[in-house]
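Each of the two complexes below includes chain A, the first together with chain B, the second together with chain C.
Moving on, here comes the complex of A and B:
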C-alpha cells in the first residue's frame, strides 16, 4: 500500500488521542468525586495529572501541524487531522474545567451540607460524566452510534432552574458563600458538557464529512 | 456519479420519460464539451469505457488517476489526436458546442485548431520564438500583417512577452524548460482555440516553473476552457474547478486493464469528501 508510513502515523495519532481522552475522562471522574466526597487527595491527583494532558495537547498539535505540512492529507485523512486539532483543544479545556472543581474542594463540605442544591449538582455531574463517556466511546471506535444516546438538551438547561431556586432559599451566614461555590461548580460541569458536545459534533463531521456538523459546533 | 450541477435550474421538471444516456447530466449554457458513453479501442483492445462527463466553459477540469487508467487516452480523444494512431477507434460521442467531433463531416484539422493541446514535455519547433507562435495562424491562412499582433498577444497571455520581446528571432530551443512550456501554451492559444487540453504540462518542470504555469492557467481560464491531465493531485486540488477520477479494472475477457471514469464532481468535493470509496483510497494515497 502506498503511503503506508503515513497511514501508520494516522493510526498512531488516533491511538494517542484515545489515550488523551481516557486521561481527560479520569479528570472528569475525579471532578465528580471531589464534588461528591470533598477528598483533597483526589483533588490533588486531578491537578497534578493535568500537566500530562497539557503536554499531550501541545505535542499532538505540533504533530498534526507537521502532518499537514509534510503529507498534505486530503479527504478523510484531512478531516481526521483537522478534527483532532479541534478536539485536542476541547480536551485541554475540559481538563482545566475539571481543575476548577478540584480547586473548590475546600468549599465542598459547605455545599454538601445543603442536600437540595447538592443533589442537583450531583445529578448534573453524573449527566456530564455519562455524556463524556459516550463521546469517548465514539472517538475510540470512530463510530457515531454511541452519540445517539446523548440527549440533545443542554445539561444545565434542566438543572439550572432547580439549582438556582434551591440556592435562593438558603438562609444564614454561609448562604452567599455556598451559593457562589455551588454556582461555580455547576458552571464548570456545564462547560465540560458544552465542550463534550462539540467533540460529538466534530466526530459526526469526521465520520460523515457533512459540513452541517461544523455549523452545529458554532451554533451550540 | 457523473452528475453535473447547474447554475441555472431549468424552469420545468426534468423529462422522466427520457431514456437517453445523458439523463443524469443537466445541460446548461455553460457546457463547452460533453463526453457521452466514450469508449476507445486500440485494435480489439478496449482501453477506456463508459466515460460520461461535461466540461464547462471557463473552468479548469482535471483528470486524475493511476497510470494506465486511460485519462490521457480520453484527453487525446477530445481533439481527435487518436486519429493519428492507425488502430485507434472511438465509440460514443464528444459533443463540442453541440457538434459531435466524430461526425464524419467534421474536419479533424479544424478540430485541432479549435481545441489546442499542450504536451507533457515542452516541444517547441526548432525555429525562432516568433515562428513558433505564427506556425498555427500561418497554416490557418491568417494574413502575415496580423502576425506581429498575434505574437505579442499570445506571448502576453502566456506571461512570456516581457521575457522574450527583445529576442523574438532567437531560437525557441534557447529558452528554459519553463519558458519553453509557456511558449507552447502561447503557440496553442495563437490559433484562438476555445478549449485547451494539457497533458501533464508541468511534469517536466521545477516547482518555480510549475507555479508560473499554474498561475497562467488561472489567468487564462477567463478566456479559455481548460482540461488538464495531471499525476500531481495537489496540482489538481490547487488549480481545477472540477475533477474526474479514473481508474483501471482488469478485463476478464482478455486479461488486460481497461480504464473507466469512477467519479466526476467539484474539486472541493473530490478532495474533501468523495462519494466513491475508490476515489477516497486514491486521493489519500492508499491505492494507486
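Moving on, here comes the complex of A and C:
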C-alpha cells in the first residue's frame, strides 16, 4: 500500500486537532454547567470524558514527534507540527482546569448561596466559553477572522474587581471558605481563558508566520 | 567498478559540520539551564518581597520578567531552527523537543512568582501571623529545591532523580494544605481580613504549582533519556479503567486532579 503523502498526514493531523478541540469545548461547557447548577452527574461526565482527551493528546503528540523525525518538515509545515504540539498541551490543560471546576461541585451550593459574587462567576464563565468557541472556530477553519471577535481584555481583569468586592462583603464563619472556593473557581476559568488566548496567538503565528505572535504568547 | 543501479548512500557530513551541530545542541542545553537559574532566583526574591512588603523590589522583579520572556522566546525559536535545519534523530530529537517543553514550564514558573509579587502589592500593610510566615518560607524553600533538582536531573540526564521528584513534591502539597488550615485559623481569630485570606490562599497555590512544573520537567527528562512519554501514565490509567469497566461494569474512578 502506498504511504500516505505528508500533505495528507498534515491534513489528517489538523482534522484530529479539530476533533480534540471539540471534545475540550464540551468540557468547558460542562464546567460552566457545574458552576451554574452544581449537578454532580455533569461533574462525573466531565471527569470521565477527560480520559479520551488525555488519550488523544498522547497519540497526537507521538504522531507529531514521528513526523518531525521522519519528514524533517520545514517552513510552514514545521510551524504547523510544532504549533500543534503546543496546542495539544494547551487543550489538555484546559481539560484539567475544567476538571478542577467539576471537583469543586461540593462547594457550589455554598458559593451559589451568595447571589452577587455567584453572578459575576457565571458572567466570567460565559465570557470564557465564548472565547473558547471563537478560538475553536479559528482552529477548525485555520482562519484568524473568528479571533477578531475576541475582546482584547483579560477575562479576570474585567471580572476580578467586582468578584473580589463582593467576596469582601461576606460575613460569618464560612466567609473565608466561600471566598477561597469562589476565587479558586474563578481562577480556573481565568486560566482556561489564558490557555485559550495562547491558542489564539499560536494560530495567528501559524497563519501569518509572524514571530511577533510567539512573543505575545510568551509574554501573556 | 561501481554498479550504476545501486544507489549511492549520502556521504556522511564533514566532521566540522557535526562538531558545529553538537555545539548547537550543547549551547541549547546551556541556555535552558541559564533560563532555569534565572527562574530559580526569582523564588527567594519573590518570597522576600512578600514577607517584607517591599514594593520597590516587587516592581523590579515584575520588570525583570521581560528578560526571562525574551530568553525563553530565543530558546524556543532556536529549537525550532535546529529542528528545521538539522533534522535531529533519536536522542538528539528528544533533547530538542524536551527543551521546547522545558521553556514553557520555566517561563510559567517565573510568571507564578510574578503573581506572588502582585499579591504582595495587594496585601501591602496586612499583618501575617508567624505560623503563616513560616509556612510561606517553607513552601518557597521547597519550590526552589524542587525546581533546582529538576534542572539538575536535566543537566545530568538523571532519570532516577527525575522520577523521584514526584515524591519530593508531596511535601509541597502537604504544606499547601497546612497553609489553608492556617489561613482559616487566622481569619477566624481576626488576625487577617478576608482580602488577605484570599490572597494568601492564591499565593500557596502559586508555590504548589511551581512544584508541579518541576515534576513536569522531571517527566520530560525521563522522556528525553528513555523515550518514555509522561502522558503514558494517563494512557495506562485510561486503558486499565476501560478494561475494568468491560470486566465488571463498575463506575470509573476519577483521575487525579489536573492543573494550570
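One rule holds in what follows: the second predicted complex is superposed on the first by the 216 of 220 C-alpha atoms of A that agree within 3 Å, B and C clash if a C-alpha of one lies under 4 Å from a C-alpha of the other, contacts with A are read in each partner's own complex, and residues count from 1 in each chain.
Heads up, the rule we're going with is that a contact is a pair of C-beta atoms (placed from the backbone, for glycine too) under 8 Å apart; a residue touches a chain by one contact, two chains touch by 3 or more.
Small disclaimer: the values here were computed from a predicted structure and weren't measured.
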Thinking of the overlay built on chain A, is A:172 touched by chain B (first), by chain C (second), by both, or by neither?
-> neither
Touch count on chain A, higher of chain B and chain C = C
So, does A:76 touch the first partner chain B, the second partner chain C, both, or neither?
-> first
Taking the superposition as given, does A:109 touch the first partner, chain B, the second, chain C, both, or neither?
-> neither
Touch check for A:6: first (chain B), second (chain C), both, or neither?
-> first
Mind working out whether A:48 is in touch with chain B, chain C, both or neither, as first, second, both or neither?
-> second
Identify the partner contact of A:209: answer first if only chain B is touched, second if only chain C is, both if each is, neither if none is.
-> first
Would you tell me the residues on chain A in contact with chain B in one complex that are also in contact with chain C in the other?
-> 72-75, 78-79
Would you mind writing out the residues of chain B in touch with chain A in their complex?
-> 233-234, 237, 271-274, 280, 283-288
Footprint of chain B on chain A - complex, ascending = 1-3, 6-7, 72-79, 209-210
Please name which positions on chain C make contact with chain A in the complex.
-> 66, 69, 72-73, 76-77, 80, 83-84, 87, 89-90, 93, 97, 100-101, 104, 107, 180, 183-184, 187-188, 193-195, 197-198, 201-202, 205, 229, 231-232, 234-235, 237-238, 241-242, 252, 254-255, 257-260
Contact footprint of chain C on chain A as seen in their complex = 44, 47-48, 50-52, 54-55, 57-58, 61-62, 65, 68-69, 72-75, 78-79, 82, 85-86, 89, 92-93, 95-97, 99-100, 103, 164, 167-168, 170, 173, 175-177, 179-180, 183-184, 187-188, 191, 194-195, 211, 214-215, 218-219
